[in-house]
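Two complexes follow with subunit A in common, the first pairing it with subunit B and the second with subunit C.
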Partner chain A sequence: MAEITPQDLFVTDFAVREHRSLWVDAWRRLISSNTARLGLFIVTVFVASATLAHFFWTYDAKTDLDYALKLKPPNLRPTEEISTIHPFGTDKLGRDIFRRTVHGGWNSLRVGLVAVTISLVIGVLLGLLAGFYESMEITQGERVLLQGLVGLSLGGIIAWIGAQWVIALLFGLLGVLSIVFGKFLAGKPVRIALFALGGLLIGGGIGLLGAPMVGLVCGLLGAVLGAILASPLTGTFFSNVVMRAMDIILAFPSYLLAIAIVAFLGPGLEKGMIAIGVVGIPIYARLARSAVLSVAQKEYILAAYSVGEGHDRIIFRHIFPNILSPIIIQATMGLAGAILSAAALGFLGLGAIPPTPEWGAMLGDSYKYLSSGAWWAVLFPGLAIMFSVLGFNLLGDGLRDALDPKLRV
Partner chain B sequence: MARYILRRLISVIPTLIGVTFVIFMFQRLIPGDPAVAMLGEHAAPENIARIREQLGLNRPLFLDRDSLVQGDLGGFFDSQYVRYLSRLVKLDLGNSIHRRIPVAETLGLRFPATVELALLSMLIAIFVGIPVGIISAARRNSLIDGVSMMGSLVGVSMPIFWLGLMEIMLFAVILGWLPTGGRLSTGVQIQSITGLYLVDSLLTWNIPGFVDALKHIIMPAIALATIPMAIIARMTRSSMLDVMQEDYIRTATAKGLAERVVLFRHALKNAFLPVITIIGIQAGTLMAGAVLTETIFSWPGIGKWVYDAILGRDYPIVQGGTLLIAIIFVFFNLLVDISYAFLDPRIHYD
Partner chain C sequence: MTPLMDLKNLRVRFHTDEGMVKAVNGVSYAMEPGEILGVVGESGCGKSVHALSIMRLIQTPPGKIESGQVIFNDRDLLKLSESEMRHVRGREIAMIFQDPMTSLNPVYTVGFQIVEALKLHKGLDEKAARERAAELLTLVGIPGARQRLDDYPHQFSGGMRQRAMIAMALSCEPQLLIADEPTTALDVTIQAQIVDLVIRLQQELGMAVMWITHDLGVVAEMAYKINVMYAGYIIERGQVRDIYKKTRHPYTIGLLGSLPRIDEPPGTKLVSIPGLPPDLLALPTGCPFYARCTYRVERCLEENPSLEEADGVEHTVACWRWEHIAGRVSS
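What follows is the complex of A and B.
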């Protein structure tokens, strides 16, 4: 009798579903939706055409100029007058708009991508930390670090006034000291008084080396800082500082702030990327923080905590993967918004410096010729902006449906 | 509730201080010497000195260490930042560099034009967006839902300046029905009462004036309304869909109430809160969107002025305009938060 191996007994068990990971599952749901497929298609077309054009279709914007072909309407076959084909027509300098639109995609999409990366990385990191330390007990080591850093940075202001860099170091030390001696000096008023006195001595004493008035100002500020440092700062304090800073950026309508920043910095693609990126930070910070706050209550975090895993490991191995879906959705939608903002900057003359092709700048270049009937110079770059933004929005919508756990069966 | 409102009002103060600080720091972003950047490389030294004096650039930013060393504590009260704040309190936003007129005064003069445009856009956005959202939610997954949601997605994806240009092309250049820009045709007079031409012309019963003003405002208003309209429609739909899954909606339907009654009396009332939020946020954003729309349509409001100032590197105007718009934005957010206290009895604030 032959031996029966487990393989021989293999029968499909219909009760057990084929194992799929979260991402495979999400991907299947994504491509099963018509709108998401459409979005994916549009995004792929734009990204592929821009990338291929950038690397394989040479275009030198600096030498592209032909007044003989100024503002010619689109022609799909060569005529006697125009021997070359211009499917999108030509602009005020006789440049082929089709070529510039395809090449412009590289710049427009790049601005969007870099801007979103800036907001994403900084925003998510800040939000992760803020949310984590709001819901978790801060460890002794981190407390020393936080206290020392706060002492050092706020002490830096006093040091700047007093022109003695030692002051900042001493305040950093004072911050650390408050952790160490916190246990021995139980009475809160006594501790605050002692640390205020310490701050007064550090600021005033060293400041006096400069001049009496410097000593007075530094001493007063030092006393206040000492009093702040006396009670160990909590994670909530850190979170509050971060989120209040975010609130200030959010107090501006986002792309107005970007426009204003670039208006002062001067035009340029890179400056536009930075401005749009900085302005977008608070959205990701808020999103990440609120996601962390809900995840941090879960049992698996408690479990990781109880087996003694460090905070860094909990944050990046356990929390981060679980807040990824809303961030991915927001990033896709954010790309759409960033491309729109970049186009607005370009249109206002604050983005790409001519003759670099960029969709917004192309519109800004040509819109004055609209009244003389040159509709093609305005129509096609605008369509490119609209369809690429639409593509990312559709994809974002599809991703939300695919990744939203509420809809999972 | 009074305590909540008071606390929310107080919380605006640090935000406003932060906003003014950010705008103050703007001029630090100018590469090189701001005075040279404003006047150009070849400006006369005495002009540069005048600008430096006018902007207080020869003063320290915050705290003058040198004057502290000399025992002069007053140095702080004469720093750029304190000067800036004290001027702000007096509503003095500085002077335009090129035209040497006070920024605040001109902002005040041009403000009604922007308000009129933003108000009309908001009305269009609300009166189109909310019904579209309700119909889409009521006929979920129907053709009408698909079309309007696709339409709203296109609306959100539309660069409004491009939409404005397309409107001009179609209605002004090709069809010739509407003027390409401006606020009134030359020769048309409207007696100013509120500064809003549509309202003023009706108050004085100036029908030709009203028609002319309407012809000028309709294209920019629609362009500006597109994005908020789309966002309001989407928000109304999703909020309605959420509410319509509630038990009390099923109860209302089950006891035989007409669909209209269930939709408007039961669902809409409860779905309104997030819609209000989004309307408030959009109202602030509209003011910012004015920069692009007003530029396209040469609308003589704040946005167009700020755009011209950006081109002319007239920084005090950019600062003043940004500050005004940011303050309005903060104010609208405050209004939304406070309206919660009145609109949602389920939430207790104390």
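What follows is the complex of A and C.
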């Protein structure tokens, strides 16, 4: 191309400013707000104390037991009776509540992070795909991939009931087959009948390995799934299947569903994480989908198509970064929710298994002693829950103000 | 000379809840390499939709290209697979859009977005692509291009963003640039700069340009040929001179009449075309302009005229009464 110097042109815009990314701007707005700073402070204290305690202040919950120190009130100075310091007092087994509260923070943090990660990754992925394909033609390759995914995930439910994970794989295969062979099977009723039969055999046959009743339930569900998989996948259909599945999860009261999942999986901190994570999936899926629907209409997405970018790059490089703000905000708020849910499960004895230090379980252990005057045994774990939830909520609020696209120039 | 692009009977429909919107109804024309074509018409006449259909960027569903051919470089774009089409987009046909405020991705730097396009189509490495991106920004008249590569779109003014969009569109040296109302959202001085820029680039690079606008004044300056569109039809097509001097379609006459002219005495009222364009959900069987036309006769209600040769060079018009109008206008 020929050399053209700027002097040849009528250019009036010479303003050169420092390079600042949107995230730097958002960070500045965040720390300029008092409530957000408070939230950030609480969260930092919480995360730092929990992490430091976990790595540098060893605590063996299994051997921590001293009946002599049972339910002693807080003391900040060694006395004749108690030679050790217990700033938060001791519980019914004579354990130091301060120590357990700080270590409980690590468990709460873990639950929060893992649960939010589970719901975030699965939910956002589903929401992205559902939103994107809602008004988009699907290419053959994507069709095979997505239908396999639908089959795999729907089959997962039956696999779970039948306790045979191979069922999920077979349903995934059935989904792929429906696209590959969909064209050759003449007539819709024939196709639906064939795939329903396939689903019945896969679900029922393998389910029978467990018990006759399991085989029956799996077979029936499999037939329905087979019929669903028989229809050739269009974007709208995929989007509908995903979002209706989300609606079904949302239809259950969230605590009840979490309790049901834990009851099924058995108690334990890790099971609790999975339960809370699964319950949170639809929130992220819906959020991501609605954000995708608005971003996908933007001209820069059209511009990205017009320079020849493919669907995968459009979804993950162009749409995804633009829907991050609401997701970050929701994830921060979600951490607070997950910590609260974990505490609720712990309180009911469905979360952490004793003697693991966990705030909800500590409350559940100690509330019986409240009437005998042991206020410290419930106050401090309760405060810990309150402050950590408050911290994440304030931070989330601050992030919302900082990342709100409406404030952007 | 074989045409660069040959559009044959392109029909585009949108299937909505209210019914079928007939957005483009059998558009046919050819473009030569290096030609500047102006496409004019009012909002909703199908100019943008037909351009997006050429790129196969119509949202499906609800949109659908019902029939037709888009022969570009001797192959039908509508028959290519999606992945083959991706190689055409950007590399052979590029597009710039109406609103420069939203046509750059706000989360990436301007440089990154141009570099991406270069890496995608030209297979350049990061360093070479950056170098080329800076050259392109300089070419479209952005001073201090090398530093401005790391700017975010919100640090650019509207005119600069449109320049950056043009740089991005030109990055892979397309043979056809489709400009969909690129100056509508800009103020008049910037508009003139962008028009000059595109004309200069067109001459230097020898690419064809399709300039879509509702502003007849802008295309008069730059275009070689003009398509006037109405209700999804091309109703008049010809060289700029003929469109302005030998206007033969009542709608084009109305459009030209509604332009303010500098040689008119002050206080002269602008002529507006009465009525509204027809509902694309229910097009009349006759001429779509019938309801608003001052020259209408019985025949116009029953039969829709197709494009036929009128006086002038390669001048076609879709009106039963163009000869009558020719007599009236020149007298």
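For the reader, a short list of remarks on this structure follows.
What we mean here is this: the second predicted complex is superposed on the first by the 299 of 409 C-alpha atoms of A that agree within 3 Å, B and C clash if a C-alpha of one lies under 4 Å from a C-alpha of the other, contacts with A are read in each partner's own complex, and residues count from 1 in each chain.
Here, a contact is a pair of C-beta atoms (placed from the backbone, for glycine too) under 8 Å apart; a residue touches a chain by one contact, two chains touch by 3 or more.
These numbers come from a predicted model, not from an experiment.
Once chain A of one complex is fitted onto chain A of the other, the partner contacts of A:179 are absent, as it touches neither subunit B nor subunit C.
Once the two complexes are laid over each other on the shared chain, residue contacts for A:288 go to neither subunit B nor subunit C.
By the touch criterion stated above, A:248 is placed in contact with subunit B alone, subunit C being left untouched.
Of the two partner chains placed by superposition, only subunit B is touched by A:386; subunit C is not.
Of the two partner chains, subunit C is the only one touched by A:304; subunit B is not.
Of the two partner chains placed around the shared chain by superposition, subunit B is the only one that A:348 touches, whereas subunit C remains out of contact. Of the two partner chains, subunit C is the only one touched by A:135; subunit B is not. The partner that reaches more residues of subunit A, of the two candidates subunit B and subunit C, is B.
Taken together, the subunit A residues at the contact with subunit B in this complex read 160-161, 163, 210-214, 216-217, 244-245, 247-249, 251-253, 255-257, 259-261, 263-266, 336, 340, 343-344, 347-350, 360, 363, 367, 370-371, 373, 375, 378-379, 382, 385-387, 389-390, 393-394, 397.
For subunit C in complex with subunit A, the touching residues are 55, 57, 59-62, 81-83, 86-91, 94-95, 97-99, 102-109, 116-117, 120-121, 135, 138-139, 141-144, 147-148, 150-152, 154-155, 157, 159-160, 165, 168-169, 171-172, 193, 197, 204-205. By the touch rule above, subunit A contacts subunit C in their complex via residues 1-2, 4, 6, 8-11, 13-14, 16-17, 19-22, 135-137, 139, 235-236, 298-300, 302-310, 318, 321-322, 324, 408-409. Of all residues in subunit B, only 14-15, 18-19, 21-23, 26-27, 29-31, 63, 65, 68-73, 153-154, 156-159, 161-162, 165-166, 168-169, 172-173, 180, 284-285, 287-289, 291-292, 295-296, 307, 310-311, 315, 318-319, 322, 325-326, 329-330, 333 touch subunit A in the complex they form.
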